[in-house]
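Which chain is which? They are A, B, C, D and E, in the order written, and residues in each are numbered from 1.
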Amino acid sequence: MIRVGVVDTTFARVNMGDIAVRELKALSGSIAVIRRTVPGVKDLPLAAKLLLTKEGCELVMALGMPGPKPIDKTCAHEASLGLIWASLMAEKPIIEVFVHEDEVSDERSLYELTVKRVKEHALNAYFMLFRPEELTRGAGKGLREGGPDAGPIGGRY
Amino acid sequence: MIRVGVVDTTFARVNMGDIAVRELKALSGSIAVIRRTVPGVKDLPLAAKLLLTKEGCELVMALGMPGPKPIDKTCAHEASLGLIWASLMAEKPIIEVFVHEDEVSDERSLYELTVKRVKEHALNAYFMLFRPEELTRGAGKGLREGGPDAGPIGGRY
Amino acid sequence: MIRVGVVDTTFARVNMGDIAVRELKALSGSIAVIRRTVPGVKDLPLAAKLLLTKEGCELVMALGMPGPKPIDKTCAHEASLGLIWASLMAEKPIIEVFVHEDEVSDERSLYELTVKRVKEHALNAYFMLFRPEELTRGAGKGLREGGPDAGPIGGRY
Amino acid sequence: MIRVGVVDTTFARVNMGDIAVRELKALSGSIAVIRRTVPGVKDLPLAAKLLLTKEGCELVMALGMPGPKPIDKTCAHEASLGLIWASLMAEKPIIEVFVHEDEVSDERSLYELTVKRVKEHALNAYFMLFRPEELTRGAGKGLREGGPDAGPIGGRY
Amino acid sequence: MIRVGVVDTTFARVNMGDIAVRELKALSGSIAVIRRTVPGVKDLPLAAKLLLTKEGCELVMALGMPGPKPIDKTCAHEASLGLIWASLMAEKPIIEVFVHEDEVSDERSLYELTVKRVKEHALNAYFMLFRPEELTRGAGKGLREGGPDAGPIGGRY
């Protein structure tokens, strides 16, 4: 069994952790998920680092849903920097999965976007751990987790 | 007894530390609070780290009230980054509790917002230390410390 | 004797270091001041860290006067982040004392603001080292070094 | 053989990794390339660091194509900071090669810009490793990888 | 002999490294200069750190000329933060000497500004290493490397 961490927040308006846990388990019977919940996105870096350094996780999915206000954007920026530091300090990957409340205009779309993005990043996590060659196969494909892909630009080297 | 740190500032216009200390003690008889006060929010990261690394605290509440000017916003941003670094270096949680002076338009509302936010984050601190499953129960509930909750978005996975 | 560091810049238009040194000595006969001067605010973090880690200082006052242009604001922001990192790495306090040239509109006011802010932060330094309970006494009082205090907001917990 | 790392993303719309790998091999028969692909630019810092600290690479090319939206710009900024931290922690160079989708206005130009910039930075990588004096020969020449060079400004010292 | 590092870029439009090397040698016969050139300003932090930690330099001058576009300003900001981290990690000074292309409006002025600023910062480097008391003599004098000094503001403490 490979231990994978999932951290989400009480701030988010969708239970992102539940989605991630179920998807990871559906993707592989070899994944043991350790889940934690923190208040907001700025609490994610430490929680993710502890899962990597103290709980034996090989990878953490850090899930958050920043609000629409300028202060929310600043918090998300600080959290993102913290997640990068945490991964560099622990030398293991943290996949940031943020859905901004103002990416879409109604709650149903927000819910659907969230489910789709979390699932597609769970697949990224699975690939990173078990089949990294699948990510290289997708290199330059213009993939967009949660949304329509931008797609690759043709041309010959 | 579990040691919990509380750091606040002389810059804030409400005695946030007093509120936190009383609330933490009301929440649990097993918490010993160590309190420090510093001049402004940029002094919080070091003070919080020292409580975690030198004073045996398991968690620190870092309390601040940034002013309304652009320079105040910049200071708050720097302080927030510092608090994240401090928690990653000490590998223990720091709960940032900031109330921006311009979140509300009059002093009474500012006072009430401050009391509510500090109390609700004290509860978060208590949950983190003693009942982490309560936080997971709140995952995706759209909680907003100090204000009306945004609430969860329905939908089925 | 407790060693206290003072670092200022040649960029500043007021000799902030002189003011800090005299004030610290006036506050306590137990303080030995070590003074350094660097070109600009971005040089302050290293100079402050060296005073803490190599020169035996227990605290450093880092004094700067950022100019009025956007690039000056960016420099001040970078310097502030550097001072926080330095204090976290050295695990000792650095009191940032910045006076922005555009806080006031004439040179006389700038001079007076600088003197007042440096002196009041020297008192903060003294309190941190010798009488930390004085800072806690000022918690939530809305203090503003160099300017009129915002004052506390009444209300009962 | 000197090991050189190449990391790119599935977010990019051009297979930047393929271009870098081929160019590095064309430049020198002494380079063994280790390639990795991650989802987005914020995943580059850790991947680059692991190549430097765990896979024996002496240098890494970190390839990304940030999108045109403000959030994409923020992500690129966070990734850039992360790449600098990673290189400082590993004490080996990481060459950031970012092509912003909005640098040009059509897909063909974007493709051509990408190929040109990746190739010219592959040459920088080669020079760093094998012929550093070539970089010094180019000092102050106003070089612009991927675009027309700005050129040097005449004048005598 | 004291080893001093000089790092510049191929991006700059003036050979800043040459100017620095000559000026340092003119200032003191006791300085041995180690020079490196990198592609752009974001490569400066690592190059500077390596000179300090692996090449025995006591100080590094990091020379760059950021372009006029917003992305150039962001790069310069990232580079500046990186230079501060590098100096804190190595515990030795890095003097950042950046000339922004848009500080002046024509190429001749840009060249002259660059020469003047590099020379005046070379003098700062010399003072830091050999005569730190000269910097303290300049404290609060409103010095501006490369431009007319702002000058000190009178007044009595």
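Throughout what follows, a residue touches a chain if its C-beta (ideal position, glycine included) is under 8 Å from a C-beta of that chain, and two chains touch if they have at least 3 such contacts.
Only a predicted model underlies this, so the values are computations on that prediction, with no experimental measurement involved.
Separation of chain C from chain D in touch steps, taking the shortest path, is 2.
Using the contact threshold fixed earlier, the set of chains in contact with both chain A and chain D is empty.
Between the two copies, chain D and chain E, the C-alpha superposition involves a rotation of 70 degrees in steps of 5. Chain B and chain E have Cα centroids separated by 40 Å.
Averaged Cα coordinates give chain C a centre that lies 25 Å from the centre of chain E. Each of the following residues of chain A touches two or more other chains: 81, 85.
Passing around the ring starting with chain C, then chain E, and so on, the chain order reads C, E, D, A, B.
Across the interface of their complex, chain D is touched by residues 8-19, 22, 35-39, 42-43, 45-47, 49-50, 53-54, 67, 71, 74-75, 78-79, 81-82, 85-86, 89, 107-108, 110-112, 115 of chain E.
Residue ranges on chain E touching chain C, taken from their complex, read 73, 77, 80-81, 83-85, 87-88, 91-96, 100, 121, 124, 128, 132, 135-136, 138-145, 150-155, 157.
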